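Submitted below is the structure of interest, expressed as structure tokens.
By written order: A, B, C and D. Residues from 1 in each chain.
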Amino acid sequence: MEKRCVMDGAEMQMDKPGEECGVFGAYDFDGGDVAPSIYYGLLALQHRGQESCGIAVSDTTGPKGKVLCTKDMGLINEVFTPEILEKLRGDIGVGHVRYSTAGSSTRENAQPLVLNYVKGTLGLAHNGNLINAPELHRELAYTGAIFQTTIDSEVIAYHIARQRLNTKSVEEAVAQAMEKIKGAYSLIIMSPRKLIGARDPFGFRPLCIGKRDNTYFLASETCALDTIGAEHVRDVAPGEIVTISPEKGIESDTSMCIPIKHQARCVFEYIYFARPDTYIDGMSVYHSRIMAGKFLAMDSPVEADLVVGVPESGNCAALGYCLQSGIPYGQAFVKNGYVGRTFIKPGQKSRESSVQVKLNVLREAVDGKRIIMIDDSIVRGTTSDRIVHMLREAGAKEVHMRVSSPPFLWPCYFGTDVPARDQLIACNRSVEEICQIIGADSLGYLRIERLGEIVGDRPICKGCFTGKYPLEPPAEDIRGEFES
Amino acid sequence: MEKRCVMDGAEMQMDKPGEECGVFGAYDFDGGDVAPSIYYGLLALQHRGQESCGIAVSDTTGPKGKVLCTKDMGLINEVFTPEILEKLRGDIGVGHVRYSTAGSSTRENAQPLVLNYVKGTLGLAHNGNLINAPELHRELAYTGAIFQTTIDSEVIAYHIARQRLNTKSVEEAVAQAMEKIKGAYSLIIMSPRKLIGARDPFGFRPLCIGKRDNTYFLASETCALDTIGAEHVRDVAPGEIVTISPEKGIESDTSMCIPIKHQARCVFEYIYFARPDTYIDGMSVYHSRIMAGKFLAMDSPVEADLVVGVPESGNCAALGYCLQSGIPYGQAFVKNGYVGRTFIKPGQKSRESSVQVKLNVLREAVDGKRIIMIDDSIVRGTTSDRIVHMLREAGAKEVHMRVSSPPFLWPCYFGTDVPARDQLIACNRSVEEICQIIGADSLGYLRIERLGEIVGDRPICKGCFTGKYPLEPPAEDIRGEFES
Amino acid sequence: MEKRCVMDGAEMQMDKPGEECGVFGAYDFDGGDVAPSIYYGLLALQHRGQESCGIAVSDTTGPKGKVLCTKDMGLINEVFTPEILEKLRGDIGVGHVRYSTAGSSTRENAQPLVLNYVKGTLGLAHNGNLINAPELHRELAYTGAIFQTTIDSEVIAYHIARQRLNTKSVEEAVAQAMEKIKGAYSLIIMSPRKLIGARDPFGFRPLCIGKRDNTYFLASETCALDTIGAEHVRDVAPGEIVTISPEKGIESDTSMCIPIKHQARCVFEYIYFARPDTYIDGMSVYHSRIMAGKFLAMDSPVEADLVVGVPESGNCAALGYCLQSGIPYGQAFVKNGYVGRTFIKPGQKSRESSVQVKLNVLREAVDGKRIIMIDDSIVRGTTSDRIVHMLREAGAKEVHMRVSSPPFLWPCYFGTDVPARDQLIACNRSVEEICQIIGADSLGYLRIERLGEIVGDRPICKGCFTGKYPLEPPAEDIRGEFES
Amino acid sequence: MEKRCVMDGAEMQMDKPGEECGVFGAYDFDGGDVAPSIYYGLLALQHRGQESCGIAVSDTTGPKGKVLCTKDMGLINEVFTPEILEKLRGDIGVGHVRYSTAGSSTRENAQPLVLNYVKGTLGLAHNGNLINAPELHRELAYTGAIFQTTIDSEVIAYHIARQRLNTKSVEEAVAQAMEKIKGAYSLIIMSPRKLIGARDPFGFRPLCIGKRDNTYFLASETCALDTIGAEHVRDVAPGEIVTISPEKGIESDTSMCIPIKHQARCVFEYIYFARPDTYIDGMSVYHSRIMAGKFLAMDSPVEADLVVGVPESGNCAALGYCLQSGIPYGQAFVKNGYVGRTFIKPGQKSRESSVQVKLNVLREAVDGKRIIMIDDSIVRGTTSDRIVHMLREAGAKEVHMRVSSPPFLWPCYFGTDVPARDQLIACNRSVEEICQIIGADSLGYLRIERLGEIVGDRPICKGCFTGKYPLEPPAEDIRGEFES
């Protein structure tokens, strides 16, 4: 039991995989300030990263390359005061929210990256992870490059800057750079007169285009467009580069696209990362989760009185389970919405666990009931263990856990933060063993065969479940910082 | 439509009535530090007040009357760092979270109030509102009293201090003071060697007793006891004074109690204020809300495809409606949990509304559907109006609104913050007219006759619905600051 | 030697006696905002207190008794941002800077005190120390008073409030209160329509009146009037109450004054506390110090090459010594002006002493020279010891210390913070012994007979040198906090 | 007169030329933490820059290239809390304080610069200004470099990184880089196992070596060595590169040195920038200033009663004037040590000038006297004008101004911040005209012929007085930011 009281960061995040970032860009052809819209857009993407954030803007009618940027550790609401937003005047801009493992989470690594190069300045925001960053880093260093951060984005920026010497436009330089960089990336680049979006050929991370009057937007998720009242124009296709400028509107370069069947969207975007009101490549995230719940009901049925979701991320799948099984939907937990990241470690004497501070069981709802509890994933298992016990202490007669993804078994090299294999509860354990460890009456995972169906048969990456990746994983561990 | 874009504080609170405060006290008979438990307890009560908070502690074995106190504007997580908590050493203590209208929301008015008087020091935390505070204030001033805050609690403190001159114990002084003060109050008082809880004879606001090993707790709601793993011993009865000390454990003085039938619990504690996992006077708040939803289904039935709650507070009643009606439960909204109080006003050009930044509709879930939307109350109607339109824009075929309380018509003098009558949408309007204003297809309120049933026939105050109050309302407006 | 490296607060203050506070008030009869002038005035008085500060203002044409107040721990420049100053709109106001021993230095104790009483609100700023505060506190407590701070000023406020019930005006109430309170006090009181200054009958602490156009000022020192370009009208006389109002200009009540010969100005105001550009009761502080230096040259002459002052406070007396002796003035030290209060303790390994970080010797100036070093006082002797050694290490052939005050032997009850007797180096030691401890070649103090002469024979309090006080010192120690 | 009330940054700095930076490095061969010593060292160098500061440290026994760095806007005391210093563990480190004109004063531009390159990491701190930075910047950009700051130091870092590809050691790379960069630079570089100091061949800015036990230091000024109790070993010679490592102690590379007669120390380091207790290249700064004062007395004698310095920088020269002339030294001003950089602009109605808030005249000292007032320089003349008037208003019969440097006439390209020519009061005006403008009775500047004598005939740069520079000044203005 003791282990449950440890209040490290991992448990605070309720034992979930971590996502890298969210990006948002805007260009108002009528010259209005875009910082407020970027602020709202990032608020809607805050679930993709809570460690640091930033906004960079530029006035396309002003001196070429004058960029104003504010970035810092903290949430959007903490970093951006009205005074700061007020000063960020400019009609083109890019913003970023960042999740990060502790080691490399410093102010220096906050994005957007703003840099001065041969053709003026660039602002760059990146979601994803390169698998050949160390090689590229080394290569660049051997030609005299210096690095001031430990993020992939600086490697990307260097390649764009170098390619720009031999190309006619910044978007061409981006295309050339894309030939060199390998891995997951959804990029938004602000040049003095253009807003550019680029998505890696596999489409690991989402990126979409929006429009409101004469302002164009690029965003990680469509929910950010909804928040600012913008229309969802379309998604940037895997491998596509879009260039937005008043002269030509949206231009598309699809030369880097690969055959659709080779695409490899991250399935966890549908299962957990993205907000349910987001559509990724035409597929509703909400609908994916409803279907996952339905499949769980089909494939792992059990008799019970109530289906409940572990808030918030298990709720949609729980609804799906109800719809399929006919068992009533219930609420078993109350989540404390005021408990954030900065949560104090209790002293030795106090026995409050982080899970209990974040969640409380609705005894009235579960007492004497047989409960089906739906969560989106089990990583280390510590939270599931705790929650199952909380339900039992509140009088639940039976607790059947259903998980709307297959067992987590392998590392991710494409931007999802997963603990080391030996910390994954599913590693080298049968479902039965896991069930026993977490203390449930039964345990069912989503069958791996169902993954395709829940995303409407779009090509996906299932590497974390199968160990088979769309790109050869790197020999060296790429998830640390660069330190040559 | 323009009005929806106004970002004042009222709309940010999603057009809900405001509650005054939450209180929490602890006394560890074994001498352990209580500040961590008070911290967790207040985290669980944060929904009762987000303006300011504070913790005062004392060491009962140290110099009599040495009290350490930290209080400031902000959330628990903002005010209390590990360093600050570490310094709050003491085995007895009291904490407070405060909601307040802008005018009197200053650091000076934060609680607990710590004061030095003839018998040492007192720490005092108060939830409620006195209706005779201005008279008492005047009376005190005419005998030379000075006031350093504009809160009722200082008036209460004065009365206790003055009564203490003629009484043998602090609890007796509290009893004497209760003869003078009129209105709503749940009090926790920390004297050098005793922790005292007192609840007004009508029982407007909740107050309960908890225990964990040799530590006793007083708290506004039982959910705070759950969070720290304490057992719910019982509630403090309306009119009761409980005195907690190592010598005598829990002592009770019920001399101020009135006949049960005259009690007048605030029904809004059940409908909206309290957390659903809380039990007030033996009644589950969750259960009250489930029943309210069931009654709505019985009294205002309508054919539909989906029942949805307006998050978070409408969810329980929505479940109740489903259980009664058999119509499936659904999720129609995604709430942005990262949007807090410090939300920046958008510039003139941006059209983002505060409602839309906080809530987005799940188009996938509602498109083409007939929706029953449950909320706990309608105050001004601005939020309801906005949400109904959002559902329609997302494709809902019909929107039927059901409200789990009767129409709001009268001011509250007992601690609930309600706007002026002319701002209440239900004032001088028929249900039909309100329905038209908010743009719903039908609208149903909880019938006032049902109020007794949803609280298990405990005596309640329905003043805000009927204009009939358990105590004569004051001639002067008591809701402002004292400025003689 | 080790002792010199200890970095406690006392040494950081360079082993000087501590002063209690500075006060500043303003009333613009033309209705202009006074907060900026108070801000500048307090900046000029910052040497009188660096722990906390505050400004309270009121609009005399607005609702009676509406007071805006900002106060907090820290320097003027730290607490008051342009945004905060901007919000402090009002044509009457009072400000305060506070020095305090660590124990009672809390935000609650910051001044001005703002209170609501029978006749509206008062703002009150106080410099000094009452000797009968504990008795008065007890007396008040026995009539039901509650205290929210541990400062004398609250006791004074209570007396004014109580007297106000039986008097026609607030100034009369102040006069009545002055009959009860005993000790040192220079008070500035802001009532809704009047600015009042009062000085105790002994005149321990200074208080002066200024004027600029139609704005009147009250200030601890005339240097604050110079800073804001105001003319020095006159000093408030010991025992006088001045009432400033548009109707009557400056009114004076001298009924509390005592015979001049019984007055007892704190001589340390002239020797150390006040800025040299200040005039107290017609006497230039600069001139006092020049004379003290001259007397040292007459009474303790020695042959030497250079006279140097310990910066800053020894410089004036050093000039006086030069003028009398004809020995050239020199600069022996460079003071680091960037080292403030928040100075980090060095780790165990580092050997930096606090004195050395604050002061460095100008080797070039002292090498091979016989030095006369002038300081204003020796309290514990730790700093003198250190500085003498620094001069020797820099090559000084001889170091003769001269002190522009007599030996410190007794506690002060009137607002000067002196350590306990057993920490005073002069206590139970001959001058010869002290000289040996600090390692000087010779040591001379100002003769006690000279004190009268350096202040132009104004009646002064010499209690800290003689143990004879103008008022019977209290039986109980009054310098701690009130904790009954 | 109105102009004196303008509170822009320039006047706040009392109309002085601005200096660029201070640098400090440390390497403890015994493995102790160096951050505390760097902290103290920077405190002693704070007069060289108050805009931003930073410390970077590394553990030479840890993973190669792991550097911890904290840097931000603000003073040393504001940026470095005990908690932050505690975390900066490492036995090698480098620190920086930065002065900057407003435009480029951002957090991004704070130093030390920490960068990762082909051979690990470098920390770099730079004092000075390159005159060919724009060309080098352009050159680098045309080979694909990206820039994240607008400071010269990044250009230097790039050159070191590129040269490192073809050299055997980092010190060789520094030497190669020095062949390319032109202008003023005193550099401290921290590589994983070496601390390197380099000074440009002209020796514009100072740099010295210190030692305490087994710890070596590099510092801008010797006063920083005194503060930490380190011995001054020697200065880094103009053009010299010193490499400090446990294996070889101090190694010297003098291959970049030029003939001594071509060296060109900035004479303003002696006149104003450096602290008087510093020795630069064997010459006491204090002594230089004493001599400047003596020469003023010889070359511009005048009959008077008192010689006073404008604090702090005029005091030494004033002492020199006294020694030569026999006229007594006096104190005419009181400086408010609590007025820092963050000084609030007075509202329109207030007439407080920034000079008056910072300085007050000691009327008692100057009334009726003929005053010789010594300052180190006159730039715009606004402060001198103000001070002369303040003396007259205080009763001075005559005011004779003497300036311990020649008239300022030309821009500086080597790190001194001087306003544009048209703002220099001496530009196109005779001494007589300037005297009239500032309102003095007479005015005398140090004769340009005396400059050599006051620095012991060391070769100096007098460009700001003569317009003749040791290096061809750049065609383009190099003092702005790089924006291609």
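Heads up, the rule we're going with is that a contact is a pair of C-beta atoms (placed from the backbone, for glycine too) under 8 Å apart; a residue touches a chain by one contact, two chains touch by 3 or more.
Every value quoted in this text rests on a predicted model; they were computed, and no experiment measured them.
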*Please work out the Cα centroid separation of subunit A and subunit B, and write it as a whole number of Å.*
36
*Whole-Å separation of chain centres (CA-atom averages), subunit A against subunit C*: 59
*CA centre of subunit A versus CA centre of subunit D: separation in Å?*
48
*Scan subunit B for residues touching two or more other chains and write them down.*
none
*Which of line, ring, star, complete and other names the graph you get from chains that touch?*
ring
*Chain-chain contacts as defined at top*: A-B, A-D, B-C, C-D
*asked:* Under the definition above, what is the set of subunit D residues touching subunit A in their complex?
replied: 63-66, 69, 113-122, 141-148, 150, 154, 157-158, 161-162, 164-165, 482-484
*Tell me, which parts of subunit C touch subunit D in their complex?*
32-33, 36-37, 39-40, 43-44, 46-47, 50, 75-77, 80-82, 85, 212, 223, 226-229, 275-277, 284, 286-287, 312, 315-316, 319, 322-323, 328-331, 334, 336-340, 342-347, 349-352, 356-357, 360-365
